[in-house]
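In what follows, structures are represented as structure tokens.
Both complexes below contain chain A, partnered by chain B and then by chain C.
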Partner chain A sequence: MTIVQINTTIAQMLDYTTPILFAALCGVLSESSGVVNIGLDGIMRFGAFFGLLGAFMSNTPWIGLLFGIGIGCLVGALHAFITIKWNGDQTVSGTAINVIATGLMTYLLEYVFSTTGYSPQLQNYFGAQEYRIHLLFLEKIPVIGAFSNLSFMIWLGFICTILVHVLLYHTVLGLRIRTCGENPRAATTLGINVFRVRWFAVVAGAALAGIGGAALSISSFSGFSDSMPNGVGFIGLAAMIFGKWTPFGALGAALLFGTGQIAQSIIAVTGIAPKLAPGLTLILPYVLTLAVLAGFVGKSVAPAADGLPYYKEQR
Partner chain B sequence: MSENSGTNKFLRIFGIDNQGRKRRDPLNVWVPLISIGLALVVGMIVIAVSGRNPFRAYALLFGDSGLIPGGSAWPREFAELLIKSAMYIATGLAVALAFKGGLFNIGAEGQFWVGAIVATFFGYWSPVAGAFGTMATALGSMAWIAQLLHGAICIILGMFAGGAWAAFAGFLYVKRGVNIVIGTIMLNWIAWFLITNWLVTGPMTPPTQTFTSGTYYVADTAKLFRIMMPTRLNTSIILVLLAAYATWFLLYKTTIGYEIRAIGHTANIGMEAPKAQGINVNRRIVQMMFFSGCLAALGGCFFILGMQYQFPNTATMGYGWTGIGVALIGQSEPIGVVLAGLFIGALRTGATSMQVANIPKTFSNIIEGLAVGFIALQVAVRYYLVKYLQRRRAHADPPAEQEAAA
Partner chain C sequence: MKALEVHNISKMFPGNLANDNISFSVEKGEIFAIVGENGAGKSTLMNIIYGIYTPTAGEIYVNEQKARIRSAEDAIQLHMGMVHQEFMLIPRFTVAQNIVVGDEPRKGIFFDYTRAVREVKELSDKVALTVDATAITGDLPVGVQQRVEILKVLRRGAEILIFDEPTAVLTPEETQELFVTMRKLQSQGKTILFISHKLKEVMDIADRIAVLRRGKVQGIVNKKDTNEEELARMMVGRNVVLEIPKVEASVGPVAFSCHDLRVKNARGMETVRDISFDVRGGEIVGIAGVQGNGQDELVNAMIGFTRPTSGSMELNGKSMRLVTTAELRRQGMSYITEDRARRGLVMPYTVRDNSVMGQHLNAPFSRGLRMNYDKIAEFAEGKVREYDIRPGDVLDTAGSLSGGNQQKLILARELSLPHNFLIASQPTRGLDVGATEFVYRKLLEEKKSGKAILLISLELSEILGLSDRILVMFEGHIVGETTPDKTTEEALGLLMLGVGVDRKVVS
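Our next item is the complex of A and B:
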């Protein structure tokens, strides 16, 4: 393997990592406050389509990114409305979002572009050369050289990881979010408005998932395809658990799972292992997550009040 | 509720008359109906906003759904409706059974495909298929016996595999504390990738065929009987109705069912009561997941033995997810699940025709998702419904009278 090959492989891996990372961060933020969001696959689908739509209409990916954030907030608000305002079942609400996303995006794809399966391809997307962030002085160094020519979205993913970490562990709001996830009753006693904090966490998290969706359609690829996000949201969910509900854990897990996604091409290029069927490498994230949950490889514990609706008057 | 015996009988079918549930009363029937109604209205708005005629669209949707008899195409549509419904009812029953026990089996999807692939395997695997083929020739005009046996074996083994797949999630839950939702989601994707990206494109593909052709076709003896000849209607709908009856019987007429419901009723508060009663909660949970997986896998067997006759390379996910919607709309009661399954099956059948009005057939997903969404919002739906009923009652009889009655 040459240096160039190593670097391209790593860059490719980072491309796969980014959507997983955003999905996982969405999960971290939302579940830290005690709201399970299995609808994040659906939110990513929304983000992917609207991200593409914004980029397509304005011919610049920046508007696409904004569209992704906007639609993420909207769908997140819907989830929050159902689960926080009306104490709906969080898993049911998430399922509804996933199912609606499946149907509605296909509908909109047909309605806006009159095509089925694929949207038109974008010229200006974050993966295009002129939108990449060039750090040419790194180019010749093995491994680090992979960072010489990355999409803006990948850097945004790293920045968001740090931001979520700072938010959760170094601000008052973060402490409140975590209190709401661990013990909402204690939070209420301390004068924290649990509902408002959860609203913030869910909507902000969903905005991240929206960016993650946009990262698929306007960064990793240059268009929307009807199969998106193809389960990336669920890998993100797995990454969140594997990373033990922390931002940097999620980053590590996303990197690992991203590697799993391109394990095929790594095996093919290096020949370090006999050729495996794709199915055998694709299941890795899920098997690892189950192993972690079952306590075979360290133990991953969810926030104590995760998934429980909060009734203020209940004793 | 007035003591009208007809109404009571109607409600009893939905399992609503029992003493313990009187508090939750007739709204259990109204909430899903209202959710569907609201979903259809929002769907209409979506169509209208995108500049199409919602009335024409719905006329196509319901006209070709197989629900309304008449017309030359009706037998075919009716058959399609029943074939599709059978699969959705099966996965719906699976999710409903687990709901009754207080568990969210989101893994019906994976169990469905595990059942499908195992049924495929025993449908074409030469030792089995060959034996039944010989038997069929030997029996001559009695060949249907061989078909019956082979089909039964495929379905039983498929169901067993799906049940085992689900029971594994139950095992991880009771022994290792793995949240059932997360566990079954992970198992879904493991099953899906192992099947579609390994088995179907590798070991189970006929060597002479191309990469994209799917698995071997099952032997003729493994196929389900057709019961309405020009159409592809097969026995799956009868089998699934039997399964629904069995589920109802298991839940309401057996000790296991009673214990499952006891676990479900107390699932949120630590299951102390069933434990104190001496119920082996862990064991029941694993068994319940096994039954649930069996039901989902039954749907997978229908998919292969009744429709596709092979595991196609083009299979797409969704049957298990739809099953969640079916179970929720059916309020987890077997009879409700059957009706909800028929409704979703009708939507799916009719949605194909909406393409004439430039509406993609995934439109039915929108309706389904919205209905599930409104059910998630059921606290709000119940709140406004009760408020509305109260206001109407206040209008109907003056307050003084009401007080006297009380």
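Our next item is the complex of A and C:
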């Protein structure tokens, strides 16, 4: 492979990585506070559709990004309302969000655009040349050169990783979020409002998942497709676990899974693909996810109170 | 001046009046003890004072001012601090993080960890409680973790400290250290509420004592005007036999024996080394020893949880090699554990379901795939009456019972299994006098009916009072065998610490 090919492949890999990363960061933030958000795949679907909608209506991807954040917060608030306010089962609420997202987006796609399967394509999206971050001086360097021409969303993913890390490990709020995820009763005895902290973590996390969805429809691709997000949210959850519930761990895991995605294309290029049954390479990233989870899940420890509703007066 | 006054506090839980019109007052600088059996309402009362629970009725005054305490935050504002029975610590956090969380030193929105460490060091120097501020809390011994808890409440400016059964998790040495700490705090002008059911400790540390029974105050007494017997009587509502009566039983055949047993612990260290002994029907063999000298691993091997590295065990003459726990139980082994939450009971399950666990697949409790819940409930109700398990509704979850009632439930289940060998591992740990007396009575009944009993305990009075023969364990070895009439607490205590033991035997 030439330098250009290597760099393009890596850039493509980063493109696949970004939505996974956002999903994983959503999980890290939410679960650090003790709320499992299995609905993040559905939230990504919301984000993908509304991101496209915003970008389509305004003809600028920035509005699409805002739409993605907004819808993420809204659906996150629904999850928080059910699981924190009413102590609903977190898995059931998350699954419901996934199911609603599947049906509602298909409906909205037909209702708004009168099409099935695919939305109209965007001219102005983060993947378009004029919206990319150009660092041309890097172009000729192997590997690093991959960073010379990336979508804004990819950089946003890296920035959010750092932000979530700083939030969780270097701010007062972060220490409190983790306290609520480890021992909400202890948090209560210290005068921390567990409900408020969890609300924040769930909604902020869901905003990240919303961005992750938008990253699919207005950055990696230039439109919404009905199959989005194609299980990326669940791969993100796997990345969160593999990354031991830490932001940088999640980044590492997302990069690994992104590589799994790109491996498909590499296999196609090398010419092995025709010898395999059609579609078999498509399951590669998912097989990788399973393999990694089977191998590592035992060694990665979740926050102690993860997934448990909190009743203040429980005896 | 009165630091704290409680007027007519009541707390109603669904179907259970946990606190019934409770009133008392505590002077500033006093160590005030609240004693009562498990389930008497002590912890509920403390949680009300600390704002975790909302009282159904009543008023609280702090420093002679009416206080409105609706959350822990309110309590902290009023300079109250609580050292909880279960530590409110995050094992993954460092000591400094645990101490400052909720009231963190900050730089803008950022958490200033360096300053947190410094502040914790300064505080620990000032009140003379030593801790390593940067250690991971979960790695520390329990006594040190408790010190972290105390520092945590002191840092929030606590003037009134509530200790909720602080000694339940401590070794005797750690308890003595805690008392030194409490006196130190008292000399610094702090007011201390000490919740306990251990009368000896209360008599040791408190200035005044309030006795609670079934949610009501039975009386408030000065320590110097009372004694353990009187307190026990007030707590239980009748005379309590703290002395253990002698029960004679004819010794039968060997029920359990082991030879040259060696067992490794979870970390691969050999903690049971070359142990041989046997237990006969109609006798209680006591194993004395300081915690962590191989008792846990010995029990694990006996009940089939871990496989010994070498040696042999026999139950009723049959080899126990590769026999499963379920099969051992069928062959006549019963097991009472001190770890009620993880081994003894399934806490979210009801009293009814817990009462038959292990024999739930036998008639009449089930037939084929179908459980016969009517029969199970009938059985459970019988046991609840027989063992006086309170509050007595068989549909309550095991987790909602007090420790003493949980232990009664375990006894009820284990003793109703057909068995001739009983392992009682610290059977009275965390129990109050009433429940302890009950356990003793049951163990002696068992002995009388010809059962073989192995008693593992850290309480020497228990070992001396109940056992027919005593084995002392030290660093995995049995370093001595004696009988209660040939030894004293002091002599046993020395043996347990390895004093006078031939080091060549031990190494």
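Heads up, the rule we're going with is that the second predicted complex is superposed on the first by the 283 of 315 C-alpha atoms of A that agree within 3 Å, B and C clash if a C-alpha of one lies under 4 Å from a C-alpha of the other, contacts with A are read in each partner's own complex, and residues count from 1 in each chain.
Criterion: contacts are C-beta pairs under 8 Å (C-beta built on N, C-alpha and C of every residue); 3 or more make two chains touch, one makes a residue touch a chain.
Owing to the predicted nature of the structure, the values given are computational and were not obtained by experimental measurement.
After overlaying the two complexes on the shared chain, residue contacts for A:Gly174 are found with chain C alone; chain B is out of touch. In the superposed pair of complexes, A:Arg185 makes contact with chain C only, with no contact to chain B.
In the superposition on chain A, A:Phe137 contacts neither chain B nor chain C. Counting residues of chain A touched by each partner, chain B versus chain C, the larger count belongs to B.
Of the two partner chains placed around the shared chain by superposition, chain B is the only one that A:Gly88 touches, whereas chain C remains out of contact.
Once the two complexes are overlaid on the shared chain, A:Gly295 sits against chain B while remaining clear of chain C.
Of all residues in chain B, those touching chain A in their complex are 46, 50, 104, 106, 172, 176-179, 181-183, 185-187, 189-190, 193-199, 201-202, 318, 321-322, 324-325, 328, 358-360, 362-370, 372-373, 375-380.
The residues of chain A lying in touch with chain C in their complex are 170-176, 178-179, 182-183, 185-192, 304, 312-313, 315. Across the complex, chain B is touched by residues 36, 38, 78, 82-83, 85-89, 91-93, 95-104, 106-107, 110-111, 116, 231, 234, 237-238, 241, 277-280, 282-283, 286-287, 289-290, 293-295, 302 of chain A.
Interface of chain C with chain A (complex): residues 13, 50, 52-54, 71-73, 76, 82, 84, 88-93, 97, 101-104, 106, 109-111, 113, 152, 400.
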